[in-house]
Each structure stands twice: as C-alpha cells, then as structure tokens.
Amino acid sequence: MTDVNARIDALERRLQDAEDRLALLQIIAAYGPAVDSGTPEATAQLWTEDGSYDTSIIEMRGRDELRAMVLGERHQGLIRGGAAHLQGIPHIDLDGDTATVTHYSQLVQRDAGTDSFRIWRTGVNQWKFVRTPEGWKATHRVNRQLDGTDPGRELLASTIDPALRED
Amino acid sequence: MTDVNARIDALERRLQDAEDRLALLQIIAAYGPAVDSGTPEATAQLWTEDGSYDTSIIEMRGRDELRAMVLGERHQGLIRGGAAHLQGIPHIDLDGDTATVTHYSQLVQRDAGTDSFRIWRTGVNQWKFVRTPEGWKATHRVNRQLDGTDPGRELLASTIDPALRED
Amino acid sequence: MTDVNARIDALERRLQDAEDRLALLQIIAAYGPAVDSGTPEATAQLWTEDGSYDTSIIEMRGRDELRAMVLGERHQGLIRGGAAHLQGIPHIDLDGDTATVTHYSQLVQRDAGTDSFRIWRTGVNQWKFVRTPEGWKATHRVNRQLDGTDPGRELLASTIDPALRED
C-alpha cells in the first residue's frame, strides 16, 4: 500500500498544479467580460479586498476603487462607444500559494466614421495572485505599454527571468 | 482499500474536469484553421448535426448550412483576400455533459493598398457544447459585435453571471 | 490491487497528456516576452540546439542564429519603436514524445504620428516539438502570412488534417 499511496500523493500534487493553471487562465478570461460588460462587482472580485491595479495611467487600490473605475464616466463612455479589452495567452509561474501571471493585452475600439476597429493600447500585464478560501485572487496587477519605452520591455524581461521581478 | 478507491475516484473526477477544459480549448483553437483554410467538413464537425451559429448577420442551422458558408463566395473571397478569424482565450463553465464557452473574436483582413492588416470585426462569442460519443460538439454559437450596442455587453455580462444566460 | 494499479496507471497517462498541453501553452506564452524584451538566450532556449525558424522572410538554423536575430539591428529597432509579437491560442497535437502546435500570430507596432498601434503582420505558425530532458523544445517553426496567398491556407489546412503536414 505504501507504493500505491505514494503514487496517489504524487498524482494529487501534479493535478493540483494543472488545476491551478486552468483556474488562473479562467480568471484572465473573465477580466474582459467583467469590464467590457461594465460589471463592477465581477471586476472587483478578481482582486483581494485591498488588491491593486496600476494601469500605467492610474493606480487603483482596493475593490472600491476598482468598482469606481468600472462605473466611472471614462470607462462607461469607452464601452458605450464599442470597446474590447483583449487578454492574451497567459504565462504562469506557480509558487505554492502564490502565482505570477503575465500576458499581453490590447484595448480595441470602434473607429468612428469607419467600418473598422483600431488598436488604441497594446501592453504587457503582470499579475500577482494569492490562493484564498475563495480561490485565486489578485493582489497586484501592473500594465506597461509596449510603446518603445523601457518599462514594457523590463516587465517582459521579468516574465522569463524571475530574478528581475520587483516584489 | 476504501480510502484508496475514494482518492482515486476523486482524482478521476478532477482530471475529467481538467481534460474537458483542455478539449474545449482545442476546439476553439481549431475554428480559425478550419474556416481560414476554407475546409467545410472540419468546420461542420465542430457542431452537432443540427448545431447552429448566429453570427449576428446570418444564422446557420445544421452542418449543411455551415459547410455552405465555408464554400460560399463571400467567405471564399474573404480568405483569398487575406483573412484571419482570431479567437481569444476561452472562459469555460462546465456543467456535467454540457458546457458554456465564451471568448472574444476578431476578423482581421489584409488592408489592400497598405502593408498592414485592419480589424474589421471584434465581438464576443458564446458557445453551448454537449458531450457526445465523438467528443464535445457545439449545439449553438452566438456572436455579438462590440460596437457599443447592447447585445454585445449583455452577452459579456452573461459570461460572468450565468443567471443572465438565455437558453 | 490489480484494479487499483491499473486505475493509477491510467490516471498517470491521462495526467501526462494534460501536463504536456499546459507545458506547450507555457512555451508559446513565453515566446513574445522573450523576443519583445530583446532577450536572446530565453528565445534560443525555446528551441533545440539545432532547431530552426522559417519566418517566411528568413530561415534561422540553430540557437546561434536565433540569438543573432534577437540582437540584430532590425529586431532591436522594432522593439525600440514599440512592438508586440502576439501569439494566439494553440492547437496541440500530441504524439508521444513529439508534438505539433499551431496558432495565429500578429506583429503589432506603435503607429508613429498617431495614438494607435497597427497590425503589420498576421500569420499562422506551426511548431514541431520534441520532449527532451530539459522539457519540450522546438525543432522547427514555420510562419506563413495570411495575405491571401496559398501557403498560409495550406498550413492552416494541415492543422486540422495531419495527413497534409510536411515532415
């Protein structure tokens, strides 16, 4: 039985890792629907109560500020004009009960006066997640634009070399 | 042995969930290659025999209409001009032998007279899948454009709040 | 015990399949950060020592040529101007210790003189991977543009019909 139990233990650990990756993918896939539908609570619940989001333009701290962003005139005007917050495939580093997830994102807008959409923003996002009784929740998210300046490339470099990550 | 069998039972259930998510991701990843290569059978086989696809412009019902769309002049002209049907990361809700999968999609076209591509369409898609002996097959797919009108935002809202979904 | 061991054997095989898919997704998700941060070693390490990358413009053979591409003036100029190599959701065919992975990709650039980004390239990529002691490594990658010419559609067709794949 020792051998059987050891094999089951190993399977449980490996499966947990796979499940964590799929759960984090699901959270990243929920972000666009949450903000582009203009749903403040679903957006806020992706973060911990005091989780932060630094968009490179503003920094929101805590769920109340996240809810306020979704309900704010700027965001509501954006989605009423036609907008999509596209999130790319995630690069996931798991470390026990924390995780670092990095992906590209784009903000695409209906281009008034044409029959096309335009790409307004293209950036890289790095999230820090923590495992909670309610599942994985974000403690931090940073977005840096890929506009040729250093911060975007530095955040990308830290994706593939964890030693470069800020904590 | 009771304990061992119970642990194996639990692993089998959890692994089935992970496998279902990966299988649905694979199907969404096959859609673009199927339609952009102009392959009618591979496209039709993603749906059940009487599965439907409401593109917001037309509604196709059954595999014959899906095959006809791929072979049609409009679609063939599109792909001969240079086109990509890009599908975003999927948000997956499993419920036993059915699943709801939501993701963004874009239709990108070679922009004649320039060296660029343009985004012609950006929308949200919600698929209903059923488990069959041949694997997961779509019974319905709905696409709504994110052009600032209500239907797109409503479909996004239903992604994160299943109570808002139409059946 | 026979039954228990057989069930554990089956779980181990199935879990390996899921883990392989997640590992390949992680590699595809690492490509953009590697090249857009301008990190030659992380880029080269996605391939085997003599792995190749046919971009449809040039063909690189071996890690030295991959490193040289990342460090080259053309690529460095691109990322200093603002660029994102976006990789789409992967379609994965596993076959023991080899795998074929296909996905769309886009090269998006800061559009000087505007507040937008433009899509310069949109194509399909097919990678061949081999399992090594250091994990999955690419032996070949081919990119074909979806510009209306045949090679892009042919590569897409081979994604959904393995009989059409070149070896």
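Chains here go by letter, A, B and C, matching the order in which they are written, and residues are numbered from 1 within each.
Going forward, contacts are C-beta pairs under 8 Å (C-beta built on N, C-alpha and C of every residue); 3 or more make two chains touch, one makes a residue touch a chain.
Bear in mind the structure is a predicted one, so any value in this text is a computation, not a measurement.
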Overall pattern in which the protein chains touch one another (line/ring/star/complete/other): complete
Proportion of interface numbers common to chain A and chain B (over half same, under half different): different
Intercentroid distance (Cα basis), chain B paired with chain A, Å: 22
Interface hub residues of chain C, defined as touching at least two other chains: 4, 8, 11, 15, 18, 22, 88-90, 118-119
Chain C contact footprint on chain A (complex, rising order): 4, 7-8, 11, 14-15, 17-18, 21-22, 88-92, 102-104, 106, 118-122, 124, 145-149, 152-154, 156-157, 159-161
Sites on chain B touched by chain C in the complex: 1, 4-5, 8, 11-12, 15, 18-19, 22, 25-26, 28-30, 32-34, 36-39, 42, 79-84, 86-90, 108, 110, 115-119
